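Presented sequentially are two complexes of chain A, the first with chain B as partner and the second with chain C.
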Partner chain A sequence: MNPKNLLSLAVLAATGCIDRPSEFDVVLNASAPVVVGTSLVYLDAPTARARVVTLSTPESPGVRVLAVGANPTLIETRAGTPASAPEALVLSRGRRDEVGVSPEPGSLTALAVGDAPTARRYVFSSPYNAMAQSPDGRFVLAHYRPSSSADRLLFNPNEISLIDLAAAPGATNPSTRTVRSFGGIPNRVVFAPTLNIGGVAHQLALVFSDAYVTLIDLNNPQRNEITVRLTLPEDPRAILPQQAVFDLEGATIYLRAQSSNDIYALRLEPVTPMAASDNDYRPSINQLAAGQNPSDMALIGEPANRRLLVVSPGSVDARVIDARANTTLRVPLSAQADKILLFEGVSPRENAVRPRALLYATNGVTAVSFLELNDLEARQSQNVELVPLQRSIRTALPLLDRGVVLFGHPTEASAAGRGAVSLLDLGRRTAAPIFSEVPLGNARFDHDRTMLWVAPQSGERLGYIDLRSFRPGELRLDGVVRDVIPLGGGAGARSRVVALHEARDGWVTVLDASDPQRSTARSVRGFLLSNLLSIGAE
Partner chain B sequence: MRVLSLVGAAISLLWAGALGAQPLPASVEAEAPQPQLRPSPWRVMGAATGYWRLDPNYTAFDDIAGGPTGGVAVQRDLTDSFGTWALAVEAGYQFGRVRGSVREVWATQMSQHMFELSAVLRWQPLRWLTPYARLGGGAGYFSGAVSPYDNASDLEFGDWHPAAQGGLGAMLWSPRLAGNARWRALQLVFSVEGGFLWTPSWSIALAPPAAAGGSETRVSTQGTAMGEVSATAPYLRFGFGVAF
Partner chain C sequence: MRPWLRFVMLAALPLGASWWVGGCGSDSSNEGGAGGGTFDAGAGGGRFDAGATPSDTGNSAVDAGQPLPPEIEEVRSFEAPQAGVRAVYVANPSRDSVAVIDSQSLTIQTVEAGDGPTYLATLPGRDVALTINVNANTMTILRTEGGVTRTRQLPVVRNANAIAVAPDGRHAVVWLDTSRPNRGVPAGSFQDVTLVTFGDTPEADRAVQLSVGFRPLEVIFSRNSAAGFVVTEDGVSLLRFEAITGPTIVPSVSLGLNEFVPAADAGVVDAAVPSLERDARPSDVSVTPDGRYAVARVEGSRYLRLIDLESRQVRILDAGATVTDLDLTADGRSALAVLREQSTVLRVAVPSGFDTPAQVERVALTGELVGSVTASPDGRLAVLYTTAAPVERAVLLDLAGRSPPAVIRLRKTVRSVTFSPDSRTVMVVHNRTDGAPGAPETDLEAQIDRAWGYTLIDTATRFAKLQLTPATVGPFALNADGSYAFVLLRDDSARVATVQRVTLANFAVQDIVLGSPPTSVGTIAGTMRAFVGQLHPEGRITFIDQATGALQSVTGFELNSRIVN
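What follows is the complex of A and B.
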């Protein structure tokens, strides 16, 4: 054998000694971050890892990489957790078996991202692609979203799993069931606040399906669900529930649905269960006319005199519905409105602080209406005041504790010299324009609600408005700002905002929210590469 | 493979030269005595080294984990060059650059500047073949960059790290090409050496490049630790040079 062949053999033997970790060749596809306490959490789906960037001390940021279930598809901040023990929830669809790859069931991972990070994993057999949390963050309901593929040969779209995050994972946690179906599948899940039904507190989940609603008792998951149809069986209309409003004292749920001119009032009456699987309440449904195309609703009045305020742009009116008395008061409007904003404040003619409503539209109307809620039955349309804005509204950011609403207008308004942003003073009922070269779509209040931050998405300058003086400002950073996120400062700490820059390796700049300056700003760069070389060794 | 072909050709040439260099007949020496040749204690050599890195993390910067390096070295005999055993000291410099990619969105590269000092012990059973052992140490400056494919700015790293190496090899000496009483003998030297390079694992600390206008033109930026890597590897080195 000649020396050349010997050398070739040596090369082959040596190069066969090590394998390149497969993770190095998995494409990076990190999600947009969610804020959990003072941390940003990115989901690195292809490697099933969550990257936690702790920014409580921007001078020495910490980066940790935590494993989650295979094929993670959603990440959310867990609701209701204290600032000292924040958590993120990651829904994973699991993995089918393939050659050389073991199957893995779907799961929900609760990541505690505090000083000592931990993970609890709740496993279910189905590859859910959607989840909803109860307002207190105790329950999560995992379900299928109809628009997505399940990536399985067969799946049951009416299957749901209820996870009790206050309990450890176990044989009955999660609890899985198939909800009753009239041909539809769940579109959305809404959790009700605690309802008092016959003196017993109930936590209910409402599953919205085509033309019906399913009620699930979270405290008694072994009990049967209750399904309420919104149409008659022979009615082929697809009545899609859109919004739910809860009258806690009256144990009544108001439902607004797409393609319906009615509001559905579900009054929950106590009953005596006959079996362990029976419920101790029963809904009765009342269908209430609400004009044409009702688009928003809100509860008004004292608990003893609770009524429902509805705006209907199709009939250009607002209606006050008293479900108990089964009466409806129509209040004609001079301008269409499709949104309701309740507030307490003064008016130009009255210094008394009272509940009032601002009615506005996001469909091209250039005026808003103020509705005085007191003595409405007697004064009706006399309680309506029209305030012209001369610009249509695209977005509204209420700042009720300061008595203003910030409206974002189409950018053409700025080109026409009328400003793309305006501040509506709820007490004086005047609108002051603020010129902006960027849309308000990415505007965020900081935690103190003293500043409004605007990310231009295409430039290196971060805009802000000091809401104490309404003085605008801007700060040049070192990279294109894609988004801005307020960060909780924790007890006694200064609140901060985080500017997200355009960079595949992860790049943020942390700013003092109350005194933004370049000299005090701190950037953190490359954290999506952090510990990359350790992944293969895990 | 081109390097290996060239090396093969060089071996053939040297072997041919060595075997063809017959000792001078005694009668010729008696008739025309030559001045005694002075030894050749100095050697200047170029070297090409192939490494086979043992740390899988190295593949983040080198897709084949075995990029070659080139270098130069200077040797000086400390003992009698004509003795059966000879001890030499060598100072060398090696440079190499490897390229790779990670996660399909970053191009990576790593450069290595290695400065070494070695002791080389030769055994000289034959004039044209001298097996040797090497033991040395030094320091390497390993630097590199991670560059996003989306044209965002790079992240860089660079730091000094110690290194040690040991190896066994053989030198092939050509016949003397020149030499007289005033000049040292000149010989060509070819070497083949296999050995082991050790470096500690070090943390890759990524940071943006220094701002062009000074630190005050940029927001204070904190980089990140990418993880640990080691350049430890067995190696095969081919050297070619002159002794004088």
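What follows is the complex of A and C.
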């Protein structure tokens, strides 16, 4: 039976009942799935359930249903978890009470997607709608997205909750606080890698707000947060923090902000806390002039000679800033650049593998610049080489272990016969066009980055480029391909990719990523209807 | 009590010895040698005007027909940041705050001071600073300990702009120095000073207002810090700290000769002592380390004064010619008086030389034009030179008399002379003549004359190294042991913003380019660093490791102060 018909039957059967529980009055509307290990996890918001579709053996997919908090709004793969114990994280906003409906607080549900899926729930009182994970997946910081409604009579947009996923839910986990505000609300949360401050490892979260940054010690949530203003009160500029770069050895955080020509260096120094709520470190701020409209930055050099490379399209230059000395080396560029890609490799004139930088722009510029980082202070603009591309760059997919960068160009380029994609060889500094009929926006590398997969979103063909040979290929599937997702694999497992098709009942095609063939592809369909009529989740 | 005066005439003393005849033995004492110094060789302080020197007008020779201007000495600026043992203090008058910067960790606290904190000083050997709040006639004392700064506010005299701190840091004198930039005195007195006594705790700090002589010019302390001496136009007011328990009048010991003025002259003409300007301001007043005697000269006068600060007696010595400069040796046993018109320097034993002409030694430096003297901290050497004429030489004088005076050829005229604290090096800052230094049509000599620069002299070997600079030599600092100097070079139009780190053992010069124009420099004993304050809207200071030259900078004092923990 066609799954669509099955769904209609189910819905008809449900609506035919009188005095049925309200749970049966929902419409099946699963979110786009996330990959967790070898499983796809769909979030069914109306029923507050997660459906875990295990595709390790596509011929016999397993489907399990797990309950999550009411009104789930976000689902993400938990970072840093091993392939043997993957997890998904579901942020739920909770539910207001209605007649016959009990209220439910907001929560974060961690779904362990193993052989026997389980869920553990961390409850907080606030209906957050955004979350950020630390790189190791241990911490989650739940907060409010700016300019959003909480669906409550009153809510505090500066309230956040910190969840330690390594600990069981409890009275102090999550820990909830209201971050200090100077009129703004959190825009974004960035987790710093572990910083060594005075011999003590610190895990910090940075909360970006309008014109200030809040530092939260993840290991000591009982301590005060530290708020660093980026402007003085009389300064009318809307300085919006946008990027953070971390110097681990120097315990320094570099912040780039919109509407500021300065980079802000926060140097973290150990101090002796006077009270339990005091921090054992303190930042000092240093403003570094970085040209006009700095748009990207990266750290270069050895720890003892660490410098910051900044590109500023407004002043058409790159700047090398010694933050300690507050000195700046300006390197004029012939082509504007707004992005930095650091890589190690050879150059056409030198076989030695050295750190180098590719500077490119995504704003219509048709050339890129290579910057030799060696001896830059002495050679300055002699270290810049311009490579014309003949077309502007829209996206860049670096494949540094293969020494190439895949540039996506505007579709007009393809129409003009110049190719919508080009491969830039970082060593030879040559750019080879590849014609593509689809934008690269949905392109994804597979698990071991040997293939690049492109979903056209409007056709039945799935495109790919074998990155070992740069040979392109395509595969016709049974339905329109909306997206393509590489599956995680355990050690020794075959690498697979999943093509997602448009179908409310769930429809995917599983392919062997290293040898994609129609004959070995397996289509799985209707799995979202599994256990649909059961009231309780497993 | 009236001063007791006595004249000694030196006119009959023989000339002709080409270097010291006789001698008083070598001095090994070292006054003030423990601390690094900061000097403003530029326009700071208001007394020094580089544009007024003859060499700046393009003259290349002394005009014998024109009287030479007075010799010039340079002064310290209180507006600049000041260093304690580890902390550096930067006043921010517009925000009523002082930034306290830890020179090691670079953490910054901004501490609220009074209304308009402007002038700063630190206490030796401690992280304690005091700042004068010019809008409130108060001072704020800042004590930094364990990263925390506590403050205490005390009243001070109106319009105060100068601070002098005793060597032991237990007392300070705050006053209005009218020779420095000031806010004017529409009403009030020129004769008030505030004596500040620092207790062990902020609560124990005390401020006492004292009335002293007219227009305080300088405050000097005895080596044991038991007394301070306020040099005024009227004389010297003695502050015996133990004896001062509350506001009081502190009468001056006069440097003048009032009792020699016949009543008939109505106080206008000093008839009894021809050419002695009774109302002239004393200059070059020095006090012996034990606080017993002060020696002084008056600009344009041939008479030296010795004031017994205990008996209040004044003795006069006729040097035989106008004394253009006067300095005390470090041990206070000798006064060095320069007679420019005779190319002679006198070494006057203190106090005996003012009574016994035989105790006055003189050396004629025939053919040399010298009007200024700078004695070394260890008391063994003195440099004689002139800032009043385009003379490109200086004379190194061995005060022990073991070697004859040595003429050092400098290649450029002299703006200032400074000894390193260990007395091993002399730093001579030069004037320049008009014109572009690098103009191709000029010969090398003219290019050198047009350039800015300084000369380093090794006092042991008398080796001199000329260092030309791309901008005027600004403030410079020497560290406490005399191993490094830090020289600021700034020319905004030429985009020169540099500090030169000079290794005084070998005269190697390292150019350190800064991100913004440097304005002040100092050394920090506790962390072996130098600091360079810079012109930046948010405030910027760069710290330099003295030994390695490694840099660290902080910018945005105010933003740092607004970090909320």
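Rule of thumb we're sticking to: the second predicted complex is superposed on the first by the 509 of 538 C-alpha atoms of A that agree within 3 Å, B and C clash if a C-alpha of one lies under 4 Å from a C-alpha of the other, contacts with A are read in each partner's own complex, and residues count from 1 in each chain.
Operating definition for what follows: a residue touches a chain if its C-beta (ideal position, glycine included) is under 8 Å from a C-beta of that chain, and two chains touch if they have at least 3 such contacts.
Since the structure is predicted, the reported quantities are computational estimates derived from the model, not experimental observations.
When the shared chain is aligned, chain B comes close enough to touch A:59, but chain C does not. Once the two complexes are laid over each other on the shared chain, residue contacts for A:531 go to chain B alone; chain C is not touched. Residue contacts after overlaying the shared chain place A:288 against chain C, while chain B stays out of touching range. Of the two partner chains placed by the overlay, only chain B lies in contact with A:523; chain C stays clear of it.
In the overlay built on the shared chain, the residue A:326 is in contact with chain C alone; chain B does not reach it. In the superposed three-chain model, the partner touching more residues of chain A is B, compared with the other of chain B and chain C.
Within the superposed three-chain model, A:353 lies out of touch with both chain B and chain C [touch as defined at top]. Of the two partner chains placed by superposition, only chain B is touched by A:504; chain C is not.
Touched by chain B in one complex and by chain C in the other is not one residue of chain A. Of all the residues in chain B, the ones that touch chain A in their complex are 4-5, 7-8, 11, 50, 52-57, 59-60, 63-66, 102-106, 146, 148-150, 152-153, 155, 204, 206-208, 218-229, 234, 236. Within the complex, the chain C residues that touch chain A are 105-108, 146-147, 512-516, 538, 540, 542, 550-556, 558-560, 562-565.
Within the complex formed with chain C, the residues of chain A that make contact are 180, 224, 226-232, 267, 269-272, 278-279, 282-289, 322-328. Residue ranges on chain A touching chain B, taken from their complex, read 2-4, 7-8, 10-11, 14-15, 17-21, 23-28, 58-61, 63, 477-479, 502-507, 509, 518, 521-527, 529-534, 536-537.
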